[in-house]
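Same chain, two partners: chain A is paired with chain B first, then with chain C.
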Partner chain A sequence: DVINLFQPSDQEMEFLIGITGKDFVLTAADTSAARSITVMKSTEDKSRDLNKHNIMLYSGESGDTVTFAEYIQRNVRLYGIRNGIELTPKAAATFTRKELATSLRSRHPYTVFLLIAGYDITTSKPHLYWIDYLGSSAEVPFAAHGYGSYYCMSILDRYHHPDITLDEAKVLVKKCIDELKTRFVINLLDFKIKVTDQDGIREITI
Partner chain B sequence: MAGSYDRALTVFSPDGHLFQVEYALEAVRKGTCAVGVRGNDCVVLGVEKKSVLKLQDPRTVRKIVMLDDHVCMAFAGLNADARVLVNKARIECQSHRLTVEDPVTIEYITRYIAGVQQKYTQSGGVRPFGISTLIIGFDANDKTPRLYQTDPSGIYSAWKANAIGRSSKTVREFLEKNYKEGLTKDETIKLTVKSLLEVVQTGAKNIEIALMTADSVIKNLEVEELQLVNDGA
Partner chain C sequence: MDSFVNRFRGTTELWANEANMFDDFGPYDAVKEFSQPPVEFLKECTDEKSDSECRIKFEHGTTTLAFKFQGGIIVATDSRASAGSYIASQTVKKVIEINPYLLGTMAGGAADCQFWERELGRRCRNKERISVAAASKLLANMVYPYKGMGLSMGTMVTGWDKTGPNLFYVDSDGSRFKGDMFSVGSGSTFAYGVLDSGLDYELSTNDAIELSRRSIYHATYRDAASGGYVRIYHVKEQGWEFIGLFDVGNLHWEYNGL
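So, the complex of A and B:
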């Protein structure tokens, strides 16, 4: 069997974005669950809370995504219960990446694209990881998945800086979403936007 | 050709006893005491803390463990056996959440632990776990406090108050005399402490108490709080 290195277009239509700031990570995902030309649901939450300060956003092959995300979520929780301290974002991302690398070398790999966003309570720093189904992982200040990333990365390059505040980040993500509404052929109606910081994970509106 | 390793090491005696299981219960009776008391809206676990040797780090000797956010467990007997059982139980708690998207009920996880203990009384080449457990918690969206006990034979049952380990008979008799329905939080803690003090050398230093309430908050009482209860008693 040949590994399919070309991403099928169904999966690229989904959009995930993450932006790290001074002491938080802002994440957003579109809320439509669609196959080919039909939108089945427009209130889908494409994320799972791994623990109090870590969240994973997923896109890709439907079924694979939720199965994989929940599997990672349960294992991260198990670590927290076993050791009395929650897994750090870096450790969660490394664990996830290794699982995907193993899956790639199996009969049917998980086709998932992930963003892992977390706040490390031991160092008080926010982290964001871009991970794909080939087991590539990169720690980045901002990232996106899907066709939408082609429109947004340059906006993020232009306006992002390491000490960005939450209000500035909200404006920035709104800029990205507006760009998609203007230039992306798929009408992504709604987005679920979340913030992860010292106090945990919460949903916000912009 | 497999020979004697085929046979379960736990075999029936002529008069219908499983001696290995009974010897396991003996091992439990040698372990440090653990007490569980169910109140009106809370449930408390108390354990006797074995005196820590001078150079030992007391933080690494934990006898009350969390199995999940809403389930807590204490044990009496062979600590190493407990570690294995606790690990299995923790994995099962998460596995249950993964397959049915619901946290375990206290009865379910007790049944699971008891099932594991029973399996080891009927398998080849293994010995029973030398521990009895007290499992406490609240089911999801339920305000009823739960307390269950398992033992090496694999029996489990629900209790209003119970004790396991060293001098458990004395403690249980104390509980039978002093337990009443509808205990408040403070009364439950006080009863747990007083019952433990029956057998433990006096001093808050030798007791560890965990309190669980319906919002699944597990509080390990500090030494100072225990002193207050102690003096009040």
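So, the complex of A and C:
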């Protein structure tokens, strides 16, 4: 089989970022949904809550993203209903990755870029997984998708540390967003920022 | 073409004598009747450079728009169908009346939009009024399996349901967005310009209708593939109402003070 490794540049205009801290994961995604040169919607939420303590951010091919995200969301929820306990972040990420790996060599592969952020209530630790359309999955302390990642990864490398507090993380994500506003040619107007911790998932402002 | 038509331009009586019905039909040579060989004709309609799975060129010449305001939702479209530089029709109905409470707009492949929105209408017959969110989700899920196979459809599904007026954008890529204002088609950027600068939620119904008329007119002025008539609908709690058909040519003189 021939795998088409060409990443359509349209998808790279979207930006996703995740930062793990002491006992939380901070995630942010831009809120513009564009079709070629027109911004169709500037208040789009590019995430789905998989269960109480797990969230998945998505970007990529329009149509594929929502369909795949809702498919994963429903299956993760079904596991919780059937078994009475919620899937851990690692399990959710492994399941998602496997689905993408199977889809890769099927008739119509899903072209999606994901971040799965979750708080494992059994071990009381936060986790972040970077997943792409080839089915690669990596557990990381911080991650980003899109062209924006070229600007932000170095900022995260410089200022992140494992015991970062929520307030420090908010300052860090603001640094990243400000850098995009300064240097990235695409005007990403607004971002939806969420925190996942032992109390669940909530949206915050910075 | 004329010789073809003339052969059948006979008497106005509907075959007065059935016995003689087939007398005028001679041997028919299909090859001679076409002005160019079928292969040449097909070459003009296909795009050799694009995706080898689906080479048919689609013209998306259209301007459609819809926006929410205090009085409900206004939906407006142009009515031109173009095939390359040829204007195929100036009187196309680009608003599809799915049911008395749901409207769909058409941009992209006319057949794709009409077929799939008709199919949607078929599925919306329950005892209860279907929500716009559900109807748009049905439409998006219907076309997603055909993604990559050449369907071309950029539509807005709108109506008034239990939660009030709602507007969704659905396209053949599989995207579906909820919003307060959308414009779709080749002339959409021009319509957005006028719409964004004049839009206010508190507009009166008449002002909202005038804004939509202006937006489509300006789009038809600048976009060669949009034109004909502005078709306007108003979605209210009791259902949609057809407002009217306005000739863009007349609007041009009116807006320029003549």
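To be clear about the criterion, the second predicted complex is superposed on the first by the 204 of 206 C-alpha atoms of A that agree within 3 Å, B and C clash if a C-alpha of one lies under 4 Å from a C-alpha of the other, contacts with A are read in each partner's own complex, and residues count from 1 in each chain.
Definition applied: a contact is a pair of C-beta atoms (placed from the backbone, for glycine too) under 8 Å apart; a residue touches a chain by one contact, two chains touch by 3 or more.
These numbers were taken from a predicted model, which means no experiment stands behind them.
J.: If you stack the two complexes on chain A, which partner ends up touching A:Arg35: first (chain B), second (chain C), both, or neither?
T.: A:Arg35 sits against chain C, while chain B stays out of touch.
J.: Compare chain B and chain C by how many residues of chain A each one touches, and report the one with more.
T.: Of chain B and chain C, more residues of chain A lie in contact with C.
J.: Answer with first, second, both or neither: which of chain B and chain C does A:Arg82 touch in the superposed model?
T.: Touch status of A:Arg82: first partner only.
J.: With the two complexes superposed on chain A, say which partner A:Tyr71 touches: chain B (first), chain C (second), both, or neither.
T.: First partner only.
J.: After superposition on the shared chain, which partner residues are touched by A:Val185: those of chain B (first), chain C (second), both, or neither?
T.: The answer is neither, since A:Val185 touches no partner chain.
J.: In their complex, what parts of chain A are in touch with chain B?
T.: Residues 70-71, 74-75, 77-78, 81-82, 84.
J.: Give every residue of chain A touching chain C within the complex, in rising order.
T.: 33, 35, 37-38, 40-41, 44, 61-64, 66-67, 108
J.: Show which residues of chain C lie in contact with chain A when the two form their complex.
T.: For this pair, the touching residues of chain C are 140, 144, 147-148, 169, 171, 173-179, 182, 188-189, 192.
J.: Where on chain B is chain A touching in the complex?
T.: 66-69, 87, 90-91, 93-95, 97-98
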